[in-house]
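Remarks on the structure that follows.
When the chains are written out, they are named A, B, C and D in that same order, and each has its own residue count from 1.
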């Protein structure tokens, strides 16, 4: 049994690491990548002045947003108006509580028993993530309603209708993954993919899951709620300065979480390749510090690919029309997800 | 070990709230202030706001929300089923568990077909 | 320490329940209800029912209150459409509470074993695996019936709320629709 | 896990149920009534889960599941009725829904 003080320190270390990496590094770098890629796609430079390659642009923007005048437009419902950005950030912060970012490890012999690289080892793992992402509807709905602006209310209604519709499809896709691995513990789901990644039996589920996470994070091609041309950025029209910045931050950190979930569920987490494990090439990811670091970086690289995919898709695909969007969610993805569960169940029983 | 795991969640919750409140407070303290009334008007593309502010919206949105919660609960019901699935497979009662889940999914599909036929899923009128 | 946490959560639950029941505006009630469900979920964690705790948040806070918030957003009511002569009839309220309290008190003095600390549950109690086993083994037909109930609710709502858009019906909320 | 007695949990459940019931009797707008109903059902759920813990038997938590199913159906249908009430009366005051009074 380990010393309790060390375990507490380890827990705090994981929290500080995760929190600062996601909020302090991934989100700002993603914003920078987003703008650079936009520049690349549109044959212009993008931000390249602040720091090397413009890397410090997000930092400069953050300082600017804090220093801006805290405007509260007349006619807003003030307490709710101030509450909404906070309600948007909290689920974003909570959502990475159960994400494991590496294999169980002894950190090169620091611990006697392997410790999980995960903030909270909840029995309900995956369902906790589903719960927290479903709570992010409130920030959006409340922001729109509190702004008391026609564009905002429309944007909020559209956003929440869209988020909940696609949450359903994502949920049913997740059910089929639970069937395949027999657990909702993300660590066990990754372990069950040591031989075969779930993307192969669960290809249909992935086809449903990918658009669903794009729609849940309100990203192009499903960014109807923010459609600048029609709704002047929708639910956060009336938000400026750091209050807008908080919505932005939560959007990017939820993007990170769902990318990590996609990797954990379908692409084997930190497993090397389908059919090839770390042990096969002589790397001990459990007991050696270097091995653990390699596994964590491999996982991070997979997540980074998914994050890049988000950006790539945004600057490639046009926006859907609203009826097409709801049609896709309810008439295409939902039946496919139901059908997929039946197929996988039938295959497991009869084959 | 339960206390460890949930205190991790609690600390994250507190950190999240602190980030939100702290950022807004910092902006209140550090932000510059140059006030004039135009700044505070609601933004509707520069023209003064027109029309009643309590516009009402299509009941379609309500139907989406209802379908969501009903299907969401069905999803939650499917999770225990999915977890038990492999246990039943191994004990040779795969047909039983398949039948249970299949019937449930059939009822769920009936609901979806009903909505579809009734036109609740059409948004392009 | 944990005892204190329990009393804190229980006290906050009662406070938030009071705010839910008696704040004048429905939107305030709904927001306090979210807090109330959060606290309830914490209570479930305290008694070791982890799966129930997360389902509480997922279904109540993540779905049912979303629906209520949606309706509040949709109707966008102004105060005179909501309020309507709410008078607290104190005598009947107090009588009601007293009679309920008397029932509970009688129960407690008749069975003192209720006041003992609960024994520690089995190690798997509250886990999703134990829950699944019980549900599929013992309640598989109830599971199907629940699915059927949800279907009936869906049909009921379809019949009640949805009217096909008609040209004559200009007085209802559909004609101000945004997306349709 | 916290060491508590079933009486403490039942008291919390009872108190919330009474608050919900009181709100249900006093409030006059339809949405608040539904919210109070949720509060009452939630109180009942606390009792179910507590007894489940007391007897170390998962049946109580399964019952909790069926209660939330009923709660969701009740809210969905109830709010549909509220929407219809609003269409008819242009408000959601419950005392104006008196068309069926004899």
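Please note the rule applied: a residue touches a chain if its C-beta (ideal position, glycine included) is under 8 Å from a C-beta of that chain, and two chains touch if they have at least 3 such contacts.
Since this is a predicted model, take the numbers as computed values, not measurements.
Between the chain pairs B-D and A-B, more C-beta pairs are in contact across A-B.
With every chain reduced to the mean of its CA atoms, the largest distance from subunit A is reached by D.
Rounded to whole angstrom, the centroid-to-centroid distance between subunit B and subunit D, based on C-alpha atoms, equals 21 Å.
Subunit B has its Cα centroid 15 Å from the Cα centroid of subunit A.
Between subunit A and subunit D, the centres computed from C-alpha atoms are 34 Å apart.
Separating the CA-averaged centres of subunit C and subunit D is a span of 5 Å. Residue numbers of subunit A whose C-beta contacts span two or more other chains: 122, 127, 134, 153-154, 157, 160, 164, 184, 322-323.
Chain contacts: subunit C has residues 48, 50-51, 55, 58-59, 62-64, 66-67, 70-77, 126, 128, 131, 133, 135, 146, 150, 153-154, 157, 161, 173, 178-179 touching two or more partner chains. Each of the following residues of subunit B touches two or more other chains: 2, 6, 55, 57, 59, 61-62, 65-70, 72-73, 76-77, 79, 83, 87, 97, 108, 115, 123.
Two chains count as a pair here when they touch; such pairs are A-B, A-C, B-C, B-D, C-D. Taken together, the subunit A residues at the contact with subunit B in this complex read 7-8, 11-12, 14-15, 19, 23, 65-76, 82, 85-86, 88-94, 96-97, 119-122, 127, 134, 147-151, 153-154, 157, 160-161, 164-165, 167-168, 171-172, 175-176, 178-179, 182-184, 232, 237-238, 241-243, 245-246, 322-323, 326-327, 330-331, 334-335, 338, 341-342, 345-346, 348-349. Remark: subunit C residues 27, 31, 34, 50-51, 54-55, 57-58, 61-63, 66, 69-70, 72-74, 76, 126-128, 178-179 touch subunit A in the complex. By the touch rule above, subunit B contacts subunit C in their complex via residues 2, 6, 54-63, 65-70, 72-74, 76-77, 79-81, 83-84, 87-88, 97, 100, 103-104, 107-108, 110-111, 114-115, 118-120, 123, 125. Considering their complex, residues 1-12, 14-16, 18-29, 31-32, 34-36, 38-39, 42, 45-46, 49-50, 52-54, 56, 58-59, 61-62, 64-66, 68-73, 75-77, 79-84, 86-87, 90-96 of subunit D touch subunit C. Listing the residues of subunit D that touch subunit B in their complex gives 1, 65, 68-69, 72-73, 75-76, 79-80, 83.
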